[in-house]
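Next come the structures, one after another.
One chain, chain A, appears in both complexes that follow, with chain B as partner in the first and chain C in the second.
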Partner chain A sequence: MNALSHPHWRLLVAALACFAAAFALASATGLARSVPELLRGIGVTATVMFGGSAVAIVVAPVAALCKLYGGSAIRWLAIGYIETFRGTSALVQLFWLFFVLPHFGITLEPLTVAIAALGLNIGAYGAEVVRGAVLAVPRGQWEAASALNMTQSQTLRRVVLPQAWVLMIPAWGNLLIELLKATSLVSLITLADLTFKAQQINQNTLQTVEVFSIVLLVYLGLSLLITLGMRQLERRASFGLARGPGT
Partner chain B sequence: MSESFWDWAYVWQVLPELVDASVVTVKATVSGFALALIIGLAFAIARMIGPGWLRQTTIGIVEVIRSTPLLIQLFLLYYVMPEFGLTLDAMTAGVLALGLHYGAYCSEVYRAGLEGVPKGQWEAAVALNLPPWVTMKRIILPQAIPPAVPALGNYLVALFKETPLLSVIAVLELMQTAKLLGSESFRYIEPITLVGLFFLFFSLVAAALVRALERRLGRGSGRVAR
Partner chain C sequence: MVHFDHVTKRYGSLTVLDGLDLRIAPNEKVAIIGPSGSGKTTVLRALMTLDRIDDGVIWVDGEPLTHMRRGDGLVRADGKHLRRMRSKIGMVFQHFNLFPHMTALKNCMEALVRVLGLPVEEARQRAGELLAMVGLADKQDEYPARLSGGQQQRVAIARALALRPKIMLFDEVTSALDPELCAEVLGVIRELGRAHQLTMLMVTHQMGFAREFADRVCFFDSGRIAEQGPAREFFDAPRGERTQRFLRAVMDAG
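On to the complex of A and B.
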C-alpha cells in the first residue's frame, strides 16, 4: 500500500514538519548544542506521558464501573475520587502528593508522584468518558443479552464494553492531549522534562524567543502524533461495526 | 513525621492570607474568562465569515494554542514580550495567557453554536438585504449563543482550575501564597490542603450552577441542549 494514500498521512507529515522546524530553528539560532538536552527532556516528558496514560487507562474503567454498578459504599468511593480529581487543579494535586505525602511518612520519587498525580487526574475525567460510552450502548443490547441468559458481568465483558470502546476513543484522544499538556507541570516538582529543560536553556542562553518557540513546536508535533495514533486506533476499532463511513 | 498531623492553630493563622490570595485567584479567573469570551468570539467569526487566508490562519492559531501547554504560552508571554518592548506585569501576562488559551477553546464552542443556526436564517437575511455584519449581530448570534452557554460555563470552571499556574510567574494567587506559607513554616500540609478544598468547593458549586443553567436553557427553547 502506498503510504501517502493513507487518510492520516497529513497528520504524520505535519508532525514531522514540526520536529524538523524545531530542529532547523535550533541550528539556525546557535542552539544546536542544546539539542541533546532537549531530547533528554522529551524522554522524561514521554515517560510521564506513557506512565500517566497507563494509570489513567486502568483507573478510568474501574472507577466508571464502580460508579455504575458498585454497591452504595463502592459507588460513593468512586464518585468521591472522580469529583475530587475533577474538582481541583492538576497542579494542586501534584503539589499535594509531592509536599503532603512525606508528612504521612511516604516519600516518593518525583517521577512516581508525577505519573500518579497526572494519571489519577486524567483517569477521573476518563471515568466519565467510559461511563458515558457504556450508557450510550443501546438498552436493547442488555435485553438481548439477558434473553440469552448472560450474567451482568458477561454482558458487560462480551457485549457492552466492546461496543462502548469504539464510542470512547475520540474523547480519549482529547484527554491524552490534555495529559501531554499537563506533563509540562511536572517541571514544577523538579522533574527535568521538556519544559524544565527549556527554562534551563533559557537561563543559560537568554535566547527566550527561540527556546520557547522550539519547545512549542515540539509539543505541537507530539500532540499531532497522539491525534494520529488515536485516529488509527479508531479506524481499527470500528472495523466490522455498522457505524460511520466504513472502511 | 512532624509532631501533630493537622494543626488547627496553624490553619487559623494562615487562613486570612489564603482568603486574601483567593481574591487574586477570582480576579484572574473573571478577567481571564472575559477576555476568553471576546477572543473566542472573534476567532469563531473570523473562521466563519472571514476571507480564505484569515480563515486558514485562525484555524492554525486555534490548533496551535489548543495543543500546546498553557505553561509554555505563559512563559512566552511573560518573558518574550519585553524583548519587543512590551513589559507586562505578571498578573497582566497571566490574564492574557489564560484569555488566549481558553479563547481558543471557546471559539470551538461558539463555532458549534454558529453552525447550529439553520442555513435558512442566513438566506432570509440575504433576501432582506442585510449586510453580513448586521446579520451576524442581529440574527445569528442571538440564536447561536444561548445553546453555547453551558459549554462555555464548563470552560469557566476549567480556567478557574488552571489559575494556580500563574504561581510560576510569581502572581501571588492561592497556590503561590500556600507555597510561600509552607516554606516559611515547613508545614505544607495545611495550606496546600486548604487550597485543594477551596478549588473543590468552588468547582462543585460552579458545576451545579452550570447544570442548573443547562436545564433551564433546555426548557426555555425546545431545540437546544438535549
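On to the complex of A and C.
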C-alpha cells in the first residue's frame, strides 16, 4: 500500500500542516519575534498534557477495578473519587488544590497542581470508560478461564483486560483531547501555557486575529497528533481480534 | 466418579435442578438430553463450579466438590479446595469461548503456564501435541477469528485437555456449528473416548451421536431425570410417555 494513502499518514500530514500554517502566519504578520514565547507556552501545555495523561491512565484502571471488585469500603472510596471529580468543574478543582490546600498547610507547585487536578479529573471519566469496557468482555471469557482453573486476578490480567483495552482506546482518544483543551485553564493558576502566552502577545501587539488563529492551529495540530497516536495503538492492540481495524 | 446427591439449584423462584440424584462411573460416557429449560446444562455448570448449588452435595472422586469436611459435617469449600477439585474437570462450551487475543497455541498454553506453572517450552510442546491430536497442527499460530467454527471448537477441546482432567464436560458443543463442521468435532470426541481413560458428560441434541457413542442416556425434564438407560435401549424402546413425545419431536425436526 502507498504509504501516503494510509489514513494514519494523512493525520500526521494534517498535523504538520497545522504547525506549518501557524508558523507561516506568524512569520508573515510580523509575529516572528513571538515564536520563541509561543514555543515555551507549547512546552508548558505539553508538559501538563503528558503529566496529566500519565496520572489519568494510572488512576482510571485502579479506580475502575476498585469499583468493580473491591470490598465495600474500597468500592465506596472509588465511587466517591469518581463522582467528585466528574461532578465538579475542572477549574474549581484546580483552584481548590492551588488556593484551598495551602490553608491546610499543603502548598504544591503550580505545575504539580495542574498535572494532579487535570489528571484526576480525566482519570475519573476514564474510570467509567475502563469499567464499561471490562463489563463489555463476554461472560463466556470469564467462564472459560474459570474452567481452566485460572484465578480472578489471572483472568483479569491475562484474558479480560487485554480485550477491554481494545474496546476502550477510542474513548481514551476523546478523553485525552478533552485533557489537552482543559490545559488552557492552568493559566489561571499562574502557569504560562500556550493560551496564557497568546493573551500576553495579544496585549502587547494587539494582533488579535493573527494571534488567536495561530493558537487555534497549534491546538488543532496537537489534537491531531493525539488522534494519530490512538489510531496507532488501536491498530496494534486489535491485532488478531475480529473487530476494529488491523490484522 | 461423580455423584450428584440430592442436588437442588434455583434461580430465584425457578427450580432448575430438583433434588437430582445421578451417579457416573469412572470412564463412563453419559449423554444428557431433554427439552430446553430442563436443567441439563446446569448439571455441567454446577459440576464445573460455574453455578453454585443451593442444596445437596456433589461428590467427585470420593470428595465433596463445593464443600469440605469439618468435624462430622460439611461446610462450603474455600478457594484452595475448589481449585484442587476443579483441576480434575475440563469443560468445552457451546460458543467455544476461546481467548480471541491469543493464537490457537497460546490458548492451549495459557493455563499450563499460569495454572500448572510449567516452563514455557514444555507447555508449548504439550499444547502442540494436543493441537496435532485434534488435527490442527498447521493452525497453531492462527488467531481464533481466522479459524472456522469447527476448528475453533477443536482448539477449545485441546485447551480443556491440556490440563489432563479426569472428567470432560461437553455443553452442546456442536449446536453453534454447521452440520458439516459438526462431524469433525464429533469425530474428535469419538477419538478421545476411544483413546483415553476419560469420564465424559455431554449435553447434546445429536441423538444419532448419543446413541452410538454414549454408554448411558439421561433424559431430563423439569430438573430431574425422567428416564435413563443404556443408549441403544433408551432410543429403541423409550418407556415414558414424555420421553417418547420428546424423541418424536426431535426426530421430526431433524
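In this section, the second predicted complex is superposed on the first by the 239 of 247 C-alpha atoms of A that agree within 3 Å, B and C clash if a C-alpha of one lies under 4 Å from a C-alpha of the other, contacts with A are read in each partner's own complex, and residues count from 1 in each chain.
The rule is simple: contacts are C-beta pairs under 8 Å (C-beta built on N, C-alpha and C of every residue); 3 or more make two chains touch, one makes a residue touch a chain.
Not measured: the values here are computed from a predicted model.
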Touched partner set for A:Arg236, first chain B, second chain C, both or neither: neither
Chain B versus chain C as contact partner of A:Leu216, first or second or both or neither: first
Partner chain(s) touched by A:Arg10 [first = chain B, second = chain C, both, neither]: neither
Contacts of A:Pro162 with chain B and chain C, given as first, second, both or neither: second
Which superposed partner A:Arg33 touches (first chain B, second chain C, both, neither): neither
Touched partner set for A:Thr84, first chain B, second chain C, both or neither: first
Which of chain B and chain C A:Phe95 touches, first, second, both or neither: first
First (chain B), second (chain C), both or neither touched by A:Glu143: second
Contacts on chain A seen with chain B and repeated with chain C across the two complexes: none
Touch list for chain A against partner chain B, complex: 83-84, 86-93, 95-96, 99-100, 103-105, 177, 180-185, 187-188, 195, 198-199, 202, 208-209, 212-213, 215-216, 219-220, 223-224
Footprint of chain C on chain A - complex, ascending: 138, 140-141, 143-151, 154, 158-159, 162-163, 166, 240-242, 247
Chain B residues within the chain A interface of the complex: 1-2, 5, 64, 66-73, 75-76, 79-80, 83, 161-165, 167-168, 175, 178-179, 182, 188-189, 192-193, 195-196, 199-200, 203-204, 207
Chain A contact footprint on chain C (complex, rising order): 48-50, 79, 83, 86-87, 89-91, 93, 95, 97-103, 110-111, 114-115, 143-145, 156, 159-160, 163
